[in-house]
Amino acid sequence: ANPNKTTKVALLLSGSIADGGWGQLAHEGIVALQSTPGFQAVFTENIGQAEIPQATRGYADDGYDLIIGHGYEYGSALLEIAPEYPDTKFFVSSFLPEPSVPSNIQYADLAYYDASYCAGALAALISEKRAAVGFVGGGDNPTQQRMLRAFVAGAERTVPGIKAAGIITGEYGNAARGRQAAATLIGNGADVIWHAANETGIGALQAAAAANVKALGCYADQTAIAPAVVGTSLRIELGEMVKTIAKSVADGSFGGGGEWHPAVDVIWSPVAGAAGDHNPKIISADAWQQFRAIWADVASGKLKVAGILDA
Amino acid sequence: MAAPWLHMRGIVKRFPGVLANDDAHLAVRRGEIHALLGENGAGKSTLMQILYGLYQADAGEITLDGQPLTVGSPADAMAHGIGMVHQEFMLVRLFTVAENVALADRQSRTLDLAAVAARITEVSQQYGLQIDPQARIEQLPIGVQQRVEIVKLLCRDARILILDEPTAVLTAGEKDRLFAVLRRLASDGCAIIIVTHKLHEILEIAERVTVMRAGKTVGCVPTAGSSEAALARLMVGRDVTFTAPRPVQTPGPVVLQVEDLSTTDERGQQALRQAGFCLRAGEILGIAGVDGNGQSELAEALVGARPSSGSVRLHGREMRGLDTASRRALGMAYIPADRRRAGAVMELSVRENALLGMQNLLSHLAGLWRDEARISAHAQRLVETFGVRTASLSFPAGKLSGGNLQKLILGRELMLKPQLLVVEQPTRGLDVGAIEVVWQALLAERQKGTAIVLVSAELDEILTLSDRVAVLYGGRIAGLFDNDGSAALRESIGLCMAGVGASASQADAAANQAALPEQECHAAH
Amino acid sequence: MDSLSILDAAFLSTWLAAAIRLAGPVLLAALGEVFAERSGVLNIGIEGLLLIGALAAYLACGLSGSSWLGVFAAIVSGWLASLLLSWLYVTVQASQVVVGIVFNLLALGACSLVFRTTGEVTGGQSVAMFPALQIPGLSELPWVGPALFGQPVLLYVTLLLVLVASMVLQRSRFGLSLRAVGENPRAADAAGISVKRMRHAGVWISGGAAGMAGAYLMLCEVGVYRDSIVSGQGFIALAIVILGRWTPWKVMLAALVFGLADALQLSLQLLGWGLPPQLLLALPYALTLLAISGMFGGKSVQPAALLMPHQR
Amino acid sequence: MLRIEKRLAPASSKTAIAGAAALAVIAALLVCAVLFALQGANPLQAYASLFSGGFGDWRGIGYTLNKAAPLALIALGTIVAWRCGFAYLGFEGCFVIGAAAATAVALAVVPDRWLAGVPFAVFLPICIAAAMLAGALWAASTGWLRARFGGSEVLMSLMGNYIALLLVQYLVSGPMRAPGGLPQSARIPQETWLPLVIEGTRAHAGIGLALLAALLVWVLLRKTPLGYEMVVAGLNPLAARNSGIAVGRRVLQASLLAGALAALAGLVQVLGVQYRLLDGMSGGIGFIGIVVALLARLHPLWVLPVALLYGGMSVGADSMQRATGVPTSITFILQALTVLFVLASPWLLRYRVVWQSPRAAAGRPLGERNG
């Protein structure tokens, strides 16, 4: 790679960079790149489904080196466009859509199921009544469905006898509906709530706060939204992802033609604001220790979540 | 002579391209019934709407009791005791009478419908108007709706009442009742300004009449000692004939046979019950009756604009199941009562309106492509033949005066060379000059052998034009008369319309006639 | 525990509670819309007004710490925004449908920009929200207790407003004039009522109410601002007005129908029947469509002059 | 001194209308220039890229054409419906229904399916017919309900949109979902894609369909008795009925055609841009199409330039955002303000600015004002 060349990176988002989660975290990576020598980084947010091809080609035609489509929405659109621009690298932060893809496009398996399994386990461990824990999902897609199953497996295998249930709301951006979904779960006996639903999830946390049941955040550090009930948040390191991929393009190590598989402890990390990685008032030391063990097992591959789910 | 109470001086009002009022004057005294007369488009309504604050004059002044008056809005007008009954009633159809009256009542800030209802009862008893304050407007006949309008004004203590063509939609009886109320009001010190085209009514009710022509006031004369002819001359600037001679002619073969025709109105009420009659070529059948007794429904049922049961045969051919388009194709034509809303398309030009109903005839390729040349030629011929006064063929029909619009519609239908013409209220709201033109046209059509069903609320019109008269009462044909022009006939028709004169024998005769087979139709003459 | 059975008291009462909570803000917005539509203006812009109200409530409450101040700010900003709308609807007489659609886009852009530039005034924390008000005694009732008597104070305010709206529309001079303007503007004009003034007022009321509904959403449900927060609830409010036939208390029932369908869609997932969620989500819209099709009579319930500009 | 006074009647010359619209656009640009400056971007540079993005080169023109095609088709549907007095707002629904039908037919052009191996020239008419039929039936169901029971089509069609969107959402997450499954259908085979029409751009043949449709709609409304009947039925249904026009039938026909045109827009989007059916692919285009129709004053031939301008503006907005990096919200604001101001511009036509010497003003008689 030529050290004097600037690498031009563009991030495409279907939602907003101020969503306090999925979009905002990736945007943080762009901001970091903007102050990194050798990189020029830009983004476009709020791209409607129908506008994706045009926005992508716009950047490709403008000579960008790396175009990141952030989310499942980009999976197929970028796959179709990539062959037209062999000199541009494409990255999509969602699963590989077909077994073989062009060598200038890379997909990512961001260890959602591993994280969900661990979240389920932690939820079960901190449940006081040990009766039920609940999950609130976003868009009605297979990833969310499978995350729900991983959450259920994590909870029910870790604390036998506990019941885990979930509601897929169908939307990522509808906080009011997220709130009612969580309230429904709580009303039916759940005393710990986790979500994977972006803005919809904010409502889920508010429901937990209102009912005074424990909750776990997702994607970002969501302690501030409901400090009294959020024990920890599983933050997804999307900023790191953006930086990592951009650097791989800059130094020529971009691994196109397949899927990127970071381990769960690389791409996810438990955070709880000023309290560090968890809030001891909500998560007992014992529970935290057990969770850490599971977390390590999943990260090391000793515990294979995919195997459990496919069984 | 007492100084005028209300005085409008030098009123000028311009509309885009039209000088509607040009130095118009009006002086009204306390306790006076004052008529305002003028051709269609002379500017009467405009002048009244200025007085009522709906329009602002461009120049001129209004004084009340010698004090200058500015009327910026109807609310201003009402505050000064000026009230108006519009040609088109300004009532909210879904509201009750009390709600409608309360609507315009600016006096109290709160809404007390019970008090309003009490006031309505009080006022209506005082003036002999019968109104149920709780009735919904949409359930009331036209005549009662007008009473509501008047009660509305009286409840607000209006001292100056403007009535724009109040009798256009009323029957003789309703008119008499209205006039009684107006006289009563005048004797109580109100001033009443009445706009009307009916000269005999002016002579009957008004003390003085102000005549307008082309926006200007051409004079103000006392009615005492005046005559219809004199008024007409003043208004039109020439002599006008008031009767149209109906030449004697033997009717031709039967064109229309109606049996057992029944239909319902908008609200699903039975509006026409088993009507039956037949009609010959070159014959005019007048349909008389108090408004709302099924006349419109009859006309619409005949032309297929309203679903009906029973039989309508045109030249022996059953029309049941045919829509208006097919019936028109077979020789029917129709002129509805409300020309602006039901007879023409206001936004389109004279030319496009002339095309209405002929769009498939004036075309190439059997209705696939418009034939612009023939369309223009047709419109030109129509305008010339019927003397429609229009700036050009591309002039919007909505801006034609009532008379000219009526000529356009009449001409359009007649140029279809129909075998049967169904025409409703052909001269409603028209000035005497225009009436003359329309009557002549209808009689000429009769002479050509067209069968005509003429629905009119004007008994004079019916007696002038019709060969036979059918009276509708409560949706039934209550009487069927040959028009011999006798005074006795007028009387029996009047009684029949009121639902009392229909002696058993006449009703039976009507019913029998309804069922008459073709040969007996012949025998009837 | 094996509590997830449809006849279970917990299932029913959580379903009802969720339904009422979902219904609350849309009911409030719909109440305002009733006034706009009764005056003859179809205000499709309430989606945007809701968003403006939500942002105003967030900023005001976040900066001052007072929830009630948030409500006040939301009402005022909803009203201010409706000044632009009513100017376009009533004074300019531009197509109401198009103005409403485009206004929603404008509101989204403007709110997003304001939020971006003012930033997270709360440092990512929720603003002070209204707690659920447990009405002593009643909220412990089985089945319906928590749903009906354990809701945030704004719900009770909204229910009160249903009553007020009913009274104003049916019993006051203002309501009579407003309805007259929506039924027959020419008659109202001739009666000395300023058609434009009444229509401005109708739109303003819907602006204030939608703003307050945004505050409801923000201060009772969500607590933090995001651009997506309203996500179509303004349009649901429109549907509710129609289903409720422009009558406040019927609108209240219609809001409940929508809330019940939406909440049922969430609850049923717990039963694992695998029904497509779209089916239930479409149900209230289909109901509304049938209700206004005229198939079941009453075709004239719509204000006769809805969408019709008035000119003398 | 300069005075603003109300005109007797709004100015109605073409120059006045165009001038007011131009003023409105300039006003919107000025307002947003302030926003750009506040965000630290150079407004001039922003507007330069706004223009050059949509019209500056062939590539941009290609995108603009692709944007304009479906917009124009929906706008034409709006015109047919609205001119016939059918104030339909359900184009969002027709669009996705048409897209779904087109996708279903295109997905049949694979081995073992019923259209296996048909050439494009055979496929396209079948696909167009299927999509248009689906959209026509969808819109006509509302038309039928109105004609039969008298419900308001404005409100019914708003509700219908949700049902159509949820129906398509169900299709892409259920029966039509591609294996492996995001909420989207499988990609349609390359043989079914609309051909590109300008070398080196993405412009596809959809714009040709839009052009053809505009001409046909114009001919229908201006040159045929049928169109005359539709317009009359729209302007005055009562008079139309009395003069023998079958109003209900015309409304039904207009709704069929309107739905078909909007569905064609959905087809164009699938066969020309997306190559598959997606959840949320309409993204409000059904409403923007109505906006375009109204800006074109419901005239079929004006639709094309207005759609091109609107399309160019949104393409330009993208490249402006790329060039300046300002938040997209500003481009939303710019688009919305432009449309709102243009909609409001007829208001300017009611006034005029007059020069008048102060003496003359004082000497004017009282009451001699324009009303």
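Chains here go by letter, A, B, C and D, matching the order in which they are written, and residues are numbered from 1 within each.
In this section, contacts are C-beta pairs under 8 Å (C-beta built on N, C-alpha and C of every residue); 3 or more make two chains touch, one makes a residue touch a chain.
Worth saying up front: this structure is predicted, and the values here are computed from it rather than measured.
Q: Looking only at C-beta pairs in contact, point me to the busier pair out of C-D and B-C.
A: C-D
Q: Could you work out how far the Cα centre of subunit C sits from that of subunit D, in whole Å?
A: 28
Q: Go ahead and note the Å separation of the Cα centroids belonging to subunit B and subunit C.
A: About 47 Å separates the centre of subunit B from that of subunit C.
Q: On a C-alpha centroid basis, what's the spacing between subunit A and subunit D, in Å?
A: Chain centroid spacing, subunit A to subunit D, equals 37 Å.
Q: As a quick test, compute the distance in whole Å between the mean CA positions of subunit B and subunit D.
A: That gives a centre separation of 45 Å.
Q: Two-or-more-chain contact residues of subunit C, please, as numbers and ranges.
A: Residue numbers touching two or more other chains: 112, 116, 281.
Q: Identify all positions of subunit B at which a residue touches two or more other chains, and write them in rising order.
A: Only 55 qualify.
Q: Subunit A: which residues touch two or more other chains?
A: 46, 140
Q: On the basis of the stated criterion, which chains touch which? Give every pair.
A: Those chain pairs which touch are A-C, A-D, B-C, B-D, C-D.
Q: Across the complex, what residues on subunit A touch subunit C?
A: 15-16, 18-20, 46, 131-132, 140, 163, 165-177, 179-181, 183-189, 199, 202-203, 206, 209-210, 224-227
Q: Mind pulling up the subunit C residues that touch subunit B in the complex?
A: 171-173, 175-177, 179-180, 183-184, 186-194, 300, 304, 312
Q: In their complex, what parts of subunit D are in touch with subunit A?
A: Result: residues 53, 59, 63, 66-67, 173, 180-184, 187, 202, 269, 273-276, 278-285, 315, 318-319, 321-322, 325, 327-329, 332 of subunit D touch subunit A.
Q: In the complex formed with subunit A, which residues of subunit C make contact?
A: Going through subunit C, the ones touching subunit A are 1-4, 8, 10-11, 13-15, 17-18, 21-22, 25, 112, 115-116, 122-126, 129, 131-132, 217, 221-224, 226-229, 231-233, 262-263, 266-267, 269-270, 277, 281.
Q: Applying the document's contact rule, which stretches of subunit A touch subunit D when the two form their complex?
A: Residues 10, 42-46, 48-51, 53-55, 57-59, 61-62, 72, 75-77, 80, 94, 97-98, 139-142 of subunit A touch subunit D in their complex.
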